[in-house]
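Should a chain be cited, it is by its letter among A, B, C and D, assigned in written order, with residues numbered from 1 in that chain.
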Amino acid sequence: MVIILRDNPAQKQIDSLVSWLKEKNLDVHIVKGAEQTIIGLIGDTSKIDIDSIKTMDIVEDVKRIQEPYKNVNRKFHPDDTVVDIAPGVKIGGGNFQVMAGPCSVEDRNQVLEVAEAVKVAGASILRGGAFKPRTSPYAFQGLGPKGLEILEDAKNKLGMPIVSEIMDISKLPLFDNVDIIQVGARNMQNFELLKELGKTKKPILLKRGLSSTIQELLMSAEYIMAGGNGQIILCERGIRTFETATRNTLDISAVPVLKELTHLPVIVDPSHGTGNARLVKPMAMASVAAGADGLMIEVHNDPVHALCDGAQALTPEAFGSLMESIARIRPFAYKR
Amino acid sequence: MVIILRDNPAQKQIDSLVSWLKEKNLDVHIVKGAEQTIIGLIGDTSKIDIDSIKTMDIVEDVKRIQEPYKNVNRKFHPDDTVVDIAPGVKIGGGNFQVMAGPCSVEDRNQVLEVAEAVKVAGASILRGGAFKPRTSPYAFQGLGPKGLEILEDAKNKLGMPIVSEIMDISKLPLFDNVDIIQVGARNMQNFELLKELGKTKKPILLKRGLSSTIQELLMSAEYIMAGGNGQIILCERGIRTFETATRNTLDISAVPVLKELTHLPVIVDPSHGTGNARLVKPMAMASVAAGADGLMIEVHNDPVHALCDGAQALTPEAFGSLMESIARIRPFAYKR
Amino acid sequence: MVIILRDNPAQKQIDSLVSWLKEKNLDVHIVKGAEQTIIGLIGDTSKIDIDSIKTMDIVEDVKRIQEPYKNVNRKFHPDDTVVDIAPGVKIGGGNFQVMAGPCSVEDRNQVLEVAEAVKVAGASILRGGAFKPRTSPYAFQGLGPKGLEILEDAKNKLGMPIVSEIMDISKLPLFDNVDIIQVGARNMQNFELLKELGKTKKPILLKRGLSSTIQELLMSAEYIMAGGNGQIILCERGIRTFETATRNTLDISAVPVLKELTHLPVIVDPSHGTGNARLVKPMAMASVAAGADGLMIEVHNDPVHALCDGAQALTPEAFGSLMESIARIRPFAYKR
Amino acid sequence: MVIILRDNPAQKQIDSLVSWLKEKNLDVHIVKGAEQTIIGLIGDTSKIDIDSIKTMDIVEDVKRIQEPYKNVNRKFHPDDTVVDIAPGVKIGGGNFQVMAGPCSVEDRNQVLEVAEAVKVAGASILRGGAFKPRTSPYAFQGLGPKGLEILEDAKNKLGMPIVSEIMDISKLPLFDNVDIIQVGARNMQNFELLKELGKTKKPILLKRGLSSTIQELLMSAEYIMAGGNGQIILCERGIRTFETATRNTLDISAVPVLKELTHLPVIVDPSHGTGNARLVKPMAMASVAAGADGLMIEVHNDPVHALCDGAQALTPEAFGSLMESIARIRPFAYKR
């Protein structure tokens, strides 16, 4: 951490700041120039509150030079984390998986039909929403516990692990048979939820918030890991920008950036990221080329009548074509 | 709602779409031009899923022309809502209130000292965080239930109603003696929480999310009102933009925009909105001039040692000066 | 275009609006519902000023349903435009080209050395800046006319066409021997410049502005085409968002979106788009996978001492490796 | 400037970097910790290219700690600049002025009529566009030289100084009788234009770009001042964000931030900043409360038929009412 002092601070004030810093067990280095004085701090500054220091009269600015996350930091854990989802289904460290299925669970037939289709096409994990975060209180909110039951049925019938979104801590007991618990973009900073998930042993799919920086995503993963659960998959799903041609702007550069900063696997959700079925295939291909460890794709057997997000769902046929394109590109994808 | 069809759709497809729409009890008007055909829908379209229609082959685009919110819509409730917080403390409909206090409750003496100071200066509601959403798991997370107790003590001693943030439904019983329950920016779309709060009779302070549109803020308020609780105060607290000179960009235009669209009172939090104590006063003054129904201001007796967000807290003296400036400007503030 | 009227407008006002619209040679269709009246306009509305209509008392909102661009619109010109740069060097319609070279021209040896290296690696067009837009007046501003001379020398020696950026109309005569005139992101809406370029017969490389929507990019291309020059290559080079981990957010979805909306070729500049040499390769690969018609890459023989943008330049070795990766992915790239 | 080195750099590499830095006449201070080494640079680092240093193998990151602008920096010129526009018309240093008039000059009668009205209401400077930057090539582009003539007529008749926008260097000679030359948002980084304006002695009104940071605005002002012209007025006019309820998000916090960083006067344009006539008054009042040195307001005698931006223009009556509100608030506005 570097503290930049205002011009001509009183020596007494500098001394007082320095002794305050030394109490925190930091190496304090003062660099005095003709015009400016800066203080360099060496040591673990992750618990120092930058804002407190900024308020001091003699301080002009403070800059952090170390990442504020430790457990998820690749610097301290250079090897890729491999998340073990089910027998033979791993993600990360060279293992690539596609999660596919309907946005929301509507009924047993729908789920089974879609699940069979995506399995045949090569998807290894079934996705489906039982609890749906909807902007409008009047929109379909998901089938709830019944939806999870339907997913579990499909899991048992087809031998596919399942992933579904949790929206509130109180529902955690319902997720016992869910293989990956998804934290949606809107809950990425629901810190109480993250703390609870940190106490479980379940793989967690953590989606980037609509307006969350990459560092904030890593800090949210840090919450889960600090609680004891390191089975985390990160997911880029589009950020909010001024552009309106796509629902969100899919930030594919997040893939190589994240893989440099953290050891956790990184997947991409081009369905939510674009909001447009016609863009899912090219963006899925781009994500794979950039080195993603997996994809999450919405597939619906009847997109026109889907109860939510129909505009971005692929038909099983289109999904099959996407999987073929992915298979051809994967061998030549970027590797760090 | 207006549906724009692609060029030269088959009449059969048009007929099928029209009959599907009529099933939803909508007046369907077809406008056929030489180059383009559009379908106008009159009636309650709030439950129609735009995305489903967009996926149809013959549809090029769909545009909603009515607001998707009803309860919070000023069109249907032209009179200002007045939220009744405590005897003699109302907000909205010409009633203006300032909420002030420390970002987080640290100890009994701190809270009492700050509370007395802000009361003397003219604040009518005491704010203080017992549960704190922090980006880092290593940062101070608030005193929890103990923090609420301390606030209640101050409330009893000084006769000031209190406002504090809830982060999870499970904590709701602890908020019995809290006069206004605050939903923070990160929880603005925690829909499960909003639904629960809709069942209470408590005034709710709903903060705009960092990257939430004004319409999304209104939809979140609609969740609460749809549940039966109309005692809602909206709060602008800065949005995330590319600018880094301020922590967020305080969107003061949200005040007149919201007051046109909804009957709910609107306040501004310039402390979080700017992240910088030196900017709190001018932005508080601007908010009042633009017609805000109140302010939420962080005040700390020792900002340098504040356990969180010290950089944006005012000293009691600075707060007193702010209150004087506000008092002078208020009589000339904008009125719709 | 659809005009949504306020509740209960006077018939006289409706009549007056309708006759005003009919004067503009538009088909006017009135759709009257119980609660709301809308007016549908069929015909060429590209010259109607939406804002004028919005100000009318009886109008609540106006929505455009047709794209405001014609010449660049794929609807009216379904076939891909192929831009002919030099004998054997075409771009678009299945033709893929890589433009590479230093950010700014520094001296003759540098340019020749880099040009030879990128040619050997497979680049077909040499890029280099003679006039450099720099945020600071104290930063290196480019060699100017001398820089263009050096580029032309390299062109003659190596038989490679060259691309360089123009910053002001007055410099146009200097670009006679430049094969592609580049309009930089900051000049994308320098309309006087676009008009002048529309009068030339030169291929134009039009870069998307930092905060320009895809529609604005197309409108700027429309300026050039309206002037008579249809030889336009569009370039995605990153947009400004809240994320700071990368210099800009490279919007790869712009590639398939643009290729759907327009017949013009679309390339990507991952060097400026990310600002980070380590991200150039994965993002170049992602761009190609998504269907880009070409790439623009910064290469420098001595990136550490580059006079501008060194952080994002590749060494010739790294560029060679990138070209190999691109060659492997290209056959499997997305096609509309 | 602070350079953060990667872990365990070779001493030889450190030595080489240090000697390179010393060649630039900088004081170099090495701070070595157990885990991390940082280098502090004291002296004038405004000409050091951060990006070059970032590319070095041993460098992890570089942080600038001094502002990159000097001439416009309040640190070096603590007193407010007062821009002298015409006899008795000054702006800055406590002098407040309102510029008002039509978006674009349409004809002589319109301009005279509006000019008289705004003068009566208290505006001291007449605005009007002769050259108009329009997104569409098919939109009205302004009357050009004829428009300037009409403005000059009004100036002579009413004794009001005039302000009008320049779009290209080649038109500079036409602006001889224009009192303030406006650089529009889209040209804020047209550096060639800024350099030319730096050579004139005219007051310049520099508008903030739609997606320009406050620091970039100051760097553009630095271009003009570095050329020798210090008569600069800065103008906040809204930035591009994700919000669509207003055309732009008017960043009123830019007023106090700018007044802290620079000695130049700062005005606000709420007409373009909101794009909505109903929001102009509250936002003008907010701007004044926050300490703006002036306002720029669009007024039209017939907003419904205005050839551009009619939706945001006030009628002369509404402008009169705005001026009265401003007059009441001004005495109590924020002062640094």
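The rule we apply is simple: a contact is a pair of C-beta atoms (placed from the backbone, for glycine too) under 8 Å apart; a residue touches a chain by one contact, two chains touch by 3 or more.
Because the structure is predicted, anything quoted here is derived from the model rather than measured.
Of the two chain pairs considered here, B-D and B-C, the higher C-beta contact count falls to B-D.
With respect to chain B, maximal separation of chain centres occurs for C (centres as means of Cα atoms). Matching A-C against the pairs in A-B, C-D or B-D identifies B-D as its interface repeat (over half of contact pairs the same by residue number). Chain centres here are Cα means. That of chain A falls 26 Å from that of chain B.
Taking the mean of the C-alpha atoms as each chain's centre, chain B and chain C sit 38 Å apart. The distance from the centre of chain B to the centre of chain D, with each centre set as the mean of the Cα atoms, comes to 31 Å.
Residue positions of chain B touching 2 or more other chains, listed in rising order: 211, 240-242, 244.
The part of chain A that touches chain D in the complex is made up of residues 2, 4, 7, 27, 29, 31-36, 38, 40, 42-43, 61, 63, 65-66, 75, 211, 240-242, 244. Note for the complex: chain C touches chain A at residues 211, 213-215, 239, 241-246, 249-257, 260, 273-274, 278-279, 281-283, 285-291, 325, 328-329, 332-334. The touching residues of chain B, counted against chain A in their complex, run 46-47, 49, 51-52, 54-56, 68-69, 133-139, 141, 167-170, 186-187, 189-193, 195, 210-211, 216, 219, 222-223, 226-227, 240, 275, 277, 303-313.
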